[in-house]
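Look for chain A in each of the two complexes below; its partner is chain B in the first and chain C in the second.
On to the complex of A and B.
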């Protein structure tokens, strides 16, 4: 089977998964105990005739199969109606587009931190096992992994807010002046030409945006950073002690080419699912970290939409998440075959 | 902005006021004309323009900085939350308003009004105002805006104009998708008409004493005719979503500059505002939901005036220096984390939090035991950090018949279950009389918001009630789930709150009309008590009292007297049968730095106060 055939087959098989996911979402929201009309009107007016009228207006009394059918059609055509609760003047998919960029910006940096700190550290520890450097890195990795996000985030915000007294410098005035909390402004992406036409100002904006998202990204990336470090270390240790590495060494290959050509590549295999699953935080974000740093992104949106029964929004969010998760899974299987040629696509 | 407590993101939209009676209205008529004159002089001069140019370079310098929670819409008729109200109040104008959040109504867009003898016809004269798009405000705009409130597919407060205010209209029968026949508003039949170049007449189907109090509510704001095409006979100048999010055209002191959803809202001053000079250049709200993040933000001096989350609030730092003429406590708060001492203002809001019982499932002795065990003073102090006052009536003191002193007197002389003391012996006695004992406990389910503050209160109560042979299980739920279950009659004990829509006791006491508390039926209940003669001796008394209220809605002294008596009767009936145990009336507290000449709001909160008169000096 060619790679393309395989891909097509996987995509076809993914369709029922997506359908199942959005159906379950619909059932949970519509058959669950949440009343969107009450969420709209607030606790004081969530009862009475007005709520009744809004329920009718939202179509909550239509036959369920009809609501379900409309919902599916809207999802497939990417034409979800306006959000019910969170922003009744904005179509659901549009609302996602508004909240998505800051979450992606945060996710991008947190994945980057995990990748470029966690993996090298793990490989370093694996290549120098049982040295003090290994111990420090391993121990650090475990402690880092063990610190819960919500705790680390609160502590970090508090530390940065009082950095003048505690650290001796003022974080908000470091390099460029920024707020400690609130989302970074990444408006410069709308107009990338500015990077060339007006580099000075635009690069300052970029620096500001990076600096502002850095603490949140560090917190969000911290757990996966620890994971990757530990798995990286084990993977390197496993490969470095395998027979083919010994053979390579016996052949007189330089240590450098052994590490880079043989060890590194093979040690990456167990890391692939870890990395790809991380890509998910790019989209879904993290409710806690976003809340503490006042970056109201996708995580926040997801939470609010779910607890308030905002069906168009939850549906759209779930749809996008499921599609993404499924495609990342497919991508991951394809990546395996690229990194490790022994993994074939044929069924035996 | 004022964080009364952590109940939920959607707190009460407090469009309320004190006694908005004929006396206050007379003031509105007189003051209106004078105001108008100053207005014209103020705006026509070039002074505002020059000022703008001068401060043009430093765009942030003269812009008010606040925090807010998630804003949902800028369409007045779709607005249901407090966060949106802060913004909408500054963009849009109602005919009358609550000046600076004080407990009275005053003219705003209307310069003058008159009432017909029978109290059913109100005629308003409009001021010479222009919308942000340059067009003039006309009676047609009022008719259109209110038609949207009554009949647009986007309205979420149609009951205010069709039900509470009861503006004349026709209904038509519509068959719902589920086959049920329902009566709905017939478009174009609203009793609002143009009676002169600047005059608009509103016809009510029956007299209503709080008419002005009701139309001061933000959803009655006036926007340009045909701005969107969501009512019959209009095709709309712009797409609905554009109006609701990007281009909310009103005639208020500020224009919408930018609303970045989930991040911030920016308003810029409108130079042609009819009501005089706007003393700052704009307003910025940063949207922050989390208490820690908000606290960090304000401690970094990024906001000029703000509320303090209860978790960060320390009652020991409050230093009240005086109580001003509208009943606000004024003073200082601090020093806070950044060593500043903040200015402080607190006012008792027209809100009541209560514990409600499903009377058909919780027997009266149990309810009585709760009432005996409840020590409001301790709870408010320990749990709510003194950010409120004990509530014995459902009606807040400011609008209680006879005012705060009558409220207090009635409690002192009539409250049957002990004032600010926990009478556990009595509670036990009642329960033992009803046959409960250590080995035969009564088990019940307590359902509350997802709030740690309320949870700690529930725990105190649970521990106390153990000795009265009551085994209470605590459960938390988002209020959208809580009300759903209430509607189905699946709650036993629950906590909720009520904020006034208009400043009259009837707005609160309608929750205690027994026939409106029956759950699980065809009609939609307003509270979930299931109060009937089977479970309460005073149910008939309450029903009669409510009927008296309905029969005496006219704005006459005689009717007012009858209503007042009925209100007290309703409160007493509730005491007797214990449907609600009223808990506390929250305090609205605001804190601000020295560089802002902040005008703290009155009893109905900052969400219905404009910010046009606030000035800034140089920030630290």
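On to the complex of A and C.
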């Protein structure tokens, strides 16, 4: 089986998972105790003619199977009707297009922090076990891992807000002027051509957008960073003491090529599932961190939509998350087959 | 069986090698004053129980003793140089090139994420600068030399696609890649089943003849030693207790330890006899030897054994090339005189 056939097979197998996920979402929202009409009108006005009218308008009196069927068709065609409660009059997917990029932008940077700080630190610690460098890195990893997001977020915001007094420089005026808590302004993504036609201004915009999410990304990525550091350290230690590394040494290879060729790739194998699952968590957003830093992203939207029974929005959001999760899983399995030849493409 | 000619010089000569491990509590003298020579076209067997210092001897010769261990004294002469004085970089040029090593477990001695060909060619490139097609051709030749059919296709396969015996052949091919003078085999057949074991031993014998190799063969299996070795060194608690040509050793074992070892081979005793064993364990050699380390387990122990450290001496005045480190020898003088010889620290 070629890698492409394998990929196709995995995608086909993912379809039932997505269907199952959106079905459960539908059942929970529609069969649960939340009444969208009450959410729109306010808790006191849950009954009466107005509520009746809204229910009829939203199609809540249609047979359940018909509602379910409409819901599925709308999801597949990406043509979800307007949001019911959060922002009536705006189609659900349009709302997501506003909120999702902010979360992705934040998630992207927090994944990068975890990847490019956590893993190198872990590898460094594993290659120099029981040295002071290892102790500092390992201890740091545990501390980062242990600090809860919501706490770290609040502390960081208050630290940055008083940075002039506490740190000696003003964070909000550093490099470019930005607010400390704000949704990132990433409008420049709509016009990527501007990077070439108008580089100066666009790069300032880019810098601004990075600076706006940097503290949030640091907080969000911190626990993953700690995790990946710890596991990276263990993976390197396990690999460096393995017999094939000894064989490679006996061949006369230099320590550098042993580390880069023989240790690195093997140590990545246990890290793949950690990286991908952490990446999914980061990209799919965090309510707490988004709230503290006023990112106004998916996490915030998700929370609001679910507590208010906004079925089109919740359905669309769940659909996006499930597709994202399934894709990350497929990516993980494909990465496995790339890094580790023992993971076969055949089923037996 | 090759005979040493009087004028031949040993290709590898180990003299009074001392390797110790420094732990927080104590210093473990894993190899304590071991001396032996290896000539071209000769297999020198090293036998002993677990913990007797066989593998540390091998690793010392390869310069692969890991911290907290280090070579403390003695000489390892190879091609006129003393290896113990070499820097790590100089030693790397010899590893895999002049002296190669085959490890115990073929299942884990090959890196699972690279093809067998890649790992053989790695050594060829490192020491001989071969690349591309030349390296491939050479690798094919090597695999064929160790009896792997369809070598060109096999080069592109991964270790997990090889059987255990095939993997050990591949490891041997890798060790032979740069035409070494000396091949160190650290229990190369222990992890294999008996038929495969016989094949590998035969292969090593053929390669020795063809390439005029000096082989140092480490094992705890007396049966294997009888099959492959031209000369046997028996190790106990970091010391060489007896050394003799293989036939002599099996016919006339002198040291009580060697006798015990030979008696404990199943099959040599009659069907109704109880298999004899040597009571107790190998002691951890953690202090200066001022007594015979085997005395607590020795059936022939007498008073002086706990006060005088035995040196390797010729077993009889006219014995040809047969030494034992036991106060009972030389045999042709009275025990009191023999003890005096050992007290003076005479060697041979």
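The definition used in the following text is that the second predicted complex is superposed on the first by the 339 of 348 C-alpha atoms of A that agree within 3 Å, B and C clash if a C-alpha of one lies under 4 Å from a C-alpha of the other, contacts with A are read in each partner's own complex, and residues count from 1 in each chain.
The rule is short, and it goes like this: a residue touches a chain if its C-beta (ideal position, glycine included) is under 8 Å from a C-beta of that chain, and two chains touch if they have at least 3 such contacts.
Here the structure is a predicted model, which means the values were calculated and not measured.
By the touch criterion stated above, A:52 is placed in contact with chain B alone, chain C being left untouched. In the superposed pair of complexes, A:103 makes contact with neither chain B nor chain C. Once chain A of one complex is fitted onto chain A of the other, the partner contacts of A:178 are absent, as it touches neither chain B nor chain C. In the superposed pair of complexes, A:251 makes contact with chain C only, with no contact to chain B. By the touch criterion defined above, A:341 lies against chain C but remains apart from chain B after alignment on the C-alpha atoms of chain A.
By the touch criterion stated above, A:74 is placed in contact with neither chain B nor chain C.
Between chain B and chain C, the partner in contact with more residues of chain A is B. No residue of chain A contacts both chain B in one complex and chain C in the other. Of all residues in chain A, those touching chain C in their complex are 242-254, 261-262, 265-266, 269, 339-342. Of all residues in chain A, only 33-36, 38-54, 56-57, 59, 61-63, 66, 82, 85-91, 94-95, 98-99, 102, 154, 157-158, 161-162, 172, 179-183, 291-294, 296-297, 300-301, 304, 307-309 touch chain B in the complex they form. For chain B in complex with chain A, the residues that touch the partner chain are 7-13, 70, 72-75, 78, 80-81, 153-154, 156-159, 163, 176-178, 180, 182, 184, 240-241, 243-245, 260-263, 286-290, 292-294, 296-297, 299-300, 302, 337, 449, 477-487, 496-499, 501, 516, 524-528. On the chain C side of its complex with chain A, the touching residues are 62, 64, 92-97, 100-101, 103-105, 108-115, 122-123, 126-127, 158, 160, 171, 174-175.
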